[in-house]
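In the two assemblies presented below, subunit A is common to both, partnered first by subunit B and then by subunit C.
Let's turn to the complex of A and B:
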C-alpha cells in the first residue's frame, strides 16, 4: 500500500512539476489499484488463543506455546503472527510467522518458549497483522490473552549442610546435644527411679555390680532462617549475584526441609518480606514462590535486626545469610545477628565473578585492592565466629559448606563463649 | 512570480505525499525495541576503590585520610593470619615484612602529613604494595 501510494504520489508530483500529463497517466494505474483494494477490503474477524503446555518449569528448560488463529470473516486473509514476551524469555521461532487463512479456517502455530532466568514470565498477547489478498489494506492489533509461566531456579543437590549448634524439641534428623529418647548412644550412668528396664545395660551392670543404664541423644529438628540480601548486586551480561543467591536459597530450602527442619525466609533489602518458619513441602513451594519475586530494591533506609519480626527469627535458629556482602547494611546486619548470639553462617555469593577490572592501570590496581579488601572483610567476620562460605559462579555449593563446617568445628569453643 | 508559486505548489504537494506515505502502516510487525536486558551493575565498593586509587595520586592528604585506612585494615588482617599484630610490630620487622613504602603508610601512629601538597601514591607504587600484601 505504502509503495503504491508513494509511486502514484511521485508520478503526480512529477507531472505537476514538469507540466507533463504523461507522468500522471503512468501514476493512475497505481492509484486505481489502491482504490480497488480499499473498496474491496473487509475488516477481518480473527480470534487468537494462546496456550502453554506447561506453566511451571525449570529455568533453561522448554515449554511449548500453541497459538490458535481462527478466521471468522467472509474472505481469505494473509496473517503474520508474532508473540509478545517478557524479558529473559526466548521464543523459537523468534520473529513473526506468516500464514494464509481461508474464510472460516483455522491454524495452529507452535513456539518453543525458554526462560533464561528464574522468575515469573509471560507470553502474549499476539501481535497479528492481517492483509487482504491484494495486499493493499493492512490491519494490525493485539489479540489473545497472556499466558503466564513460572520458571523455578536450577538447584544443586547438597550432600552436606551446615550443622546447627542448637536443636528444637521436634522430631528431626539432627543428633541433639541433650539426652533423652533416641538412637545415638551418649553415655552409661547408674540406674535412677523412673528409668525403663529396657535401657539397662546388662554388661555394665554385671561389671559394676549395680544397675547401669544407657543414655542416648534424641534426634531433633532445627529452625533455619534463610536471609536473602537484596540490597545490592553485581551484575554482568551473563547474570548477577541475585540470580545465584536465589538458586542457593532454593537449594538450601529444599535440603533443610528434606531433613525435617523448620525453614523461614527473610528477603532483606530495600523492601522487607518474610515467611514464618514452617515444615514440609508446602513451605518449600511458598519459599520458592517468594524467591521468584525477589528483586533489588534501591533504598537509603537503614535497616537492622529490629526490622525483622521476632517470630521469624526464633531463638536458637541457624541463620544462613546469602549475600554478596556489598552493602554496609548487610554487613552490619550479620554482625549484629552474631552479637545477639544467633548461630550464623554467611554464604557469600562472590561478586568478583560478575565484575571485571576497568581498562586503565588504576582500575586494575583498584580491582586487586578490592579483592584484598574483601578477604580482610571475610577475616573480620570469621574473627567474630561467623563461618563464611564463598560460592563462586558455576561452582558447587557443597564444598563451600564443607569448609564452613570445618571452620565451625574449630571455632565452636569461641562461639559458645 | 508565477514560477515561484508553481515551485511552492510542487513542494507542498511533495510534502503532502511524503506525509501520507509516512502515516501508512510500517512493514515490520512489531516495532524494533531495544532489548530490555538487565543492566550490568558495577559494585559500589569497586567504584569507590577506583576513585580512591585515582585520588590517592593527587596528594599525601588523600593517601593519609582515605587510602591508609583501607591498607591498614588489609595489612592487619593478613598479618594476624600469621600471628603478627600490626599495632605492636617493631619497626625493623615491619620494614622487613612489608617493605619501606608500605610500612611508611600503615605504620602505627603515622602523623598527618606536614606538606599537604606532597605527591601521593602512583598506581605503580600501589601495585607494588599490593604485591607485598598478596605474598603475605
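Let's turn to the complex of A and C:
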C-alpha cells in the first residue's frame, strides 16, 4: 500500500517538477487502484477450527488434520493458512495453503500429519494471513486452538526375552527353580506323607519296590525392572539413542507383561521418574505414557542406586538396563546394582551408528580407540556377570537378547555366586 | 513479457535516446528480477518507477499512450507483488490468482480511462500558467494526502 501511494506520489511530483503531464497520467491508474482498494477493503472476520481425526497413533503413521476456515466478514478475502507444529511433526502440504473465501463462505483444508518420532506433539494454532481481493491491505494473526497428538513408539515383536534367574510366587510362564505343583518334570523321589496319589510314578514304584512320586517345577512370574538411562545420548539427523532406547523399552514392557511378569520402569538420568511394578494391560499404558515424556535432562548431580525407592527394585527382580553407556554415572549404577546382587542385563543402544569416524587420520585413530574403550568396558561388565546385548540401529533386538541368554547360561555359576 | 512489451513501446520511438532507454529497460529488468528473487517489494517499486521514467524518452504520441502505459505498469507491479506474496505458499487455489488478476485488470482499465480523460483535459487546456500549475500541484498533493490519510485512519500503522 505504501509502495503504491509512493509510486503515485512520485509520478505526480515528477509531472509537476518537469512540466510533463505524461507522468501524472501514468500515475493515475496507481492512484485509482489505491483509492478503490481502500474503499473496497473490509477488515476480515475469520473463524478457524483445527481438528484431528486421530489423537493417538504410531510414530511414522499418518493422521489427518482438518482446518475449517469461515469468513464472517462483508467481503471476499484471499487467505493463506499455515499450521504451527511441533519439531518432530511433518505436514503435507508442508507450507501454507492459499484459498479465496467469499463473504459468508467457508472452506475445509486437509493436512496430513506425520510424527517422525514418538512423543507428545501439537498441531496448531493456524497462522492466517488475509488480504482483500486486490491485495491492498493485509491482516495477520494466529487463529484456532491447539490439537494434541500422541505418537507411540513403533515396537519390535520379540520372540525371545531374557530368562530371569529368580521368580516370584505368582502364577506365570517361567519354569521356577523350586519344586511344587506344575507341569514341567523335575525329578523322582520317594513317596512322603501328604503326597497326592496322582503324583505316584507307577513304573518307578514297580522297579524300585517302594512308592515313588514325580516332582515338578511350578510356573511362576518374575519381576522385571526396566531401567532407562537418560543421562546422555548420541544423536544425529536421523535420530538418537534415546529414540531407540524408548522403542526397546516399550517392546520389552509389552513382551514381559504378555508373559505375566510384573514390570516396573525407572527413568534414570538428570531427573528421576519411576513406576512401581504391576501386572497387566493398564501397566503397559502407564509405562508407554511415562516413556513418551522421557527426555535427556542435563545435570551434574551424581545419582546412584540409593536414589531409587526400594519398592521399585524388588528383591530378586530381573533388571534390564537400556543405555548407550555414555555416562560414567550409568556405568557406576549398573555395576553397583550387580554388586548388590541384582540379576542384571544391559541392553546397549549402540551410539556408534550416530558417530562418524571423521575425515582425518587422527580422527580415525581416535574413533578406533573409542571403540576399543567401549569393548573393554563391555568386557569389564561381563566379567561382573552382567550380560550385555548390543543393539544397533535398525537391527533386530531378538538376536541381541539371544546372545545375552547364551552368555547367561555359560556364566550362571558365577552369577549365582 | 509485459515488462518487455512496455520497454519495446518506448524503444520503438526513442531514436536518439535509445541507448538511455535500453539502459533504463535493463535496470528495470534487473530490479524486477532481484525483487522477485529476494522477495523485496521495494525493488519491484524501483523497477516500476524506472520503467515509468523511461517513458519520457519517447518522442511522439506520449499523451495518447500514457494511460495504457500506466495501466501496463500497474499490471506489472501487481503480478510481481503477487509472485512475491505467494512465494512461501505451498498450494494455491486457482481462483486466488484469477480473482485478483481480474480485479486488477478492471481497476487498471478504469485507471486508464481516467488517465485518458486527464489527457483530453491537458490537450484542451489553455497554455501553461502559474495558477494552473499551482492548481494541479494542489490537486495532486490533495489526492495523495487523502488516500494516505484514509489508509492510516483505517489501518493504523499496518499495511
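Definition applied: the second predicted complex is superposed on the first by the 385 of 417 C-alpha atoms of A that agree within 3 Å, B and C clash if a C-alpha of one lies under 4 Å from a C-alpha of the other, contacts with A are read in each partner's own complex, and residues count from 1 in each chain.
FYI, a residue touches a chain if its C-beta (ideal position, glycine included) is under 8 Å from a C-beta of that chain, and two chains touch if they have at least 3 such contacts.
Predicted model only: the values in this text are computed from it and were never measured.
J.: Is A:78 touching the first partner subunit B, the second partner subunit C, both, or neither of them?
T.: Only subunit C; A:78 stays clear of subunit B.
J.: After lining up the shared chain so the two structures overlap, which partner does A:384 touch, if you call subunit B first and subunit C second: first, second, both or neither?
T.: After superposition on chain A, A:384 lies in contact with neither partner.
J.: What is the contact status of A:138 with respect to subunit B (first) and subunit C (second): first, second, both, or neither?
T.: Once the two structures are laid over each other on A, A:138 reaches both partners.
J.: Using the touch definition from the top, say if A:5 reaches subunit B (first), subunit C (second), both or neither.
T.: both
J.: After lining up the shared chain so the two structures overlap, which partner does A:411 touch, if you call subunit B first and subunit C second: first, second, both or neither?
T.: In the superposed model, A:411 contacts neither subunit B nor subunit C.
J.: Determine, under the contact definition given at the top, whether A:165 touches first (subunit B), second (subunit C), both, or neither.
T.: Neither partner.
J.: So in the superposed three-chain picture, is A:305 touching just subunit B, just subunit C, both, or none of them (first/second/both/neither)?
T.: In the superposition, A:305 touches no partner, neither subunit B nor subunit C.
J.: What is the contact status of A:26 with respect to subunit B (first) and subunit C (second): first, second, both, or neither?
T.: A:26: touches subunit C, not subunit B.
J.: Would you check which partner chain A:16 touches, where first means subunit B only, second means subunit C only, and both and neither mean what they say?
T.: After superposing on A, A:16 lies in contact with both subunit B and subunit C.
J.: Taking the two structures together, which residues of subunit A meet both subunit B and subunit C?
T.: On subunit A, the residues that contact subunit B in one structure and subunit C in the other are 1-2, 5-6, 9-10, 12-13, 16, 80, 95-96, 138.
J.: Residues of subunit C touching subunit A in their complex?
T.: Touching subunit A: residues 41-42, 44-45, 48-49, 52-53, 55-56, 62-63, 66-67, 69-71, 73-74, 77-78, 81-82, 85-86, 88-93, 95-96, 99-100, 103-104, 107-108, 110-112, 114-115, 118-119, 122, 128, 133, 136-137, 140-141, 143-144, 147-148, 150-151, 154-155, 158-159 of subunit C.
J.: Which positions of subunit A touch subunit B when the two form their complex?
T.: 1-2, 5-6, 9-10, 12-13, 16-17, 80, 82, 84, 87-88, 95-96, 127, 129, 138, 140, 232-237, 240, 324, 326-327, 351, 355, 358, 361-370, 372-376, 379-380, 383
J.: Quick one: in the complex, what on subunit B touches subunit A?
T.: For this pair, the touching residues of subunit B are 6, 9-10, 13-14, 16-18, 20-21, 24-25, 27, 29-30, 35-46, 49-50, 52-54, 57, 70, 73-74, 77-78, 80-81, 123-124, 126-127, 130, 133-134.
J.: What residues on subunit A touch subunit C, complex-wise?
T.: Those residues of subunit A that touch subunit C are 1-16, 18-38, 41, 76, 78, 80, 93-100, 131, 133-135, 137-139.
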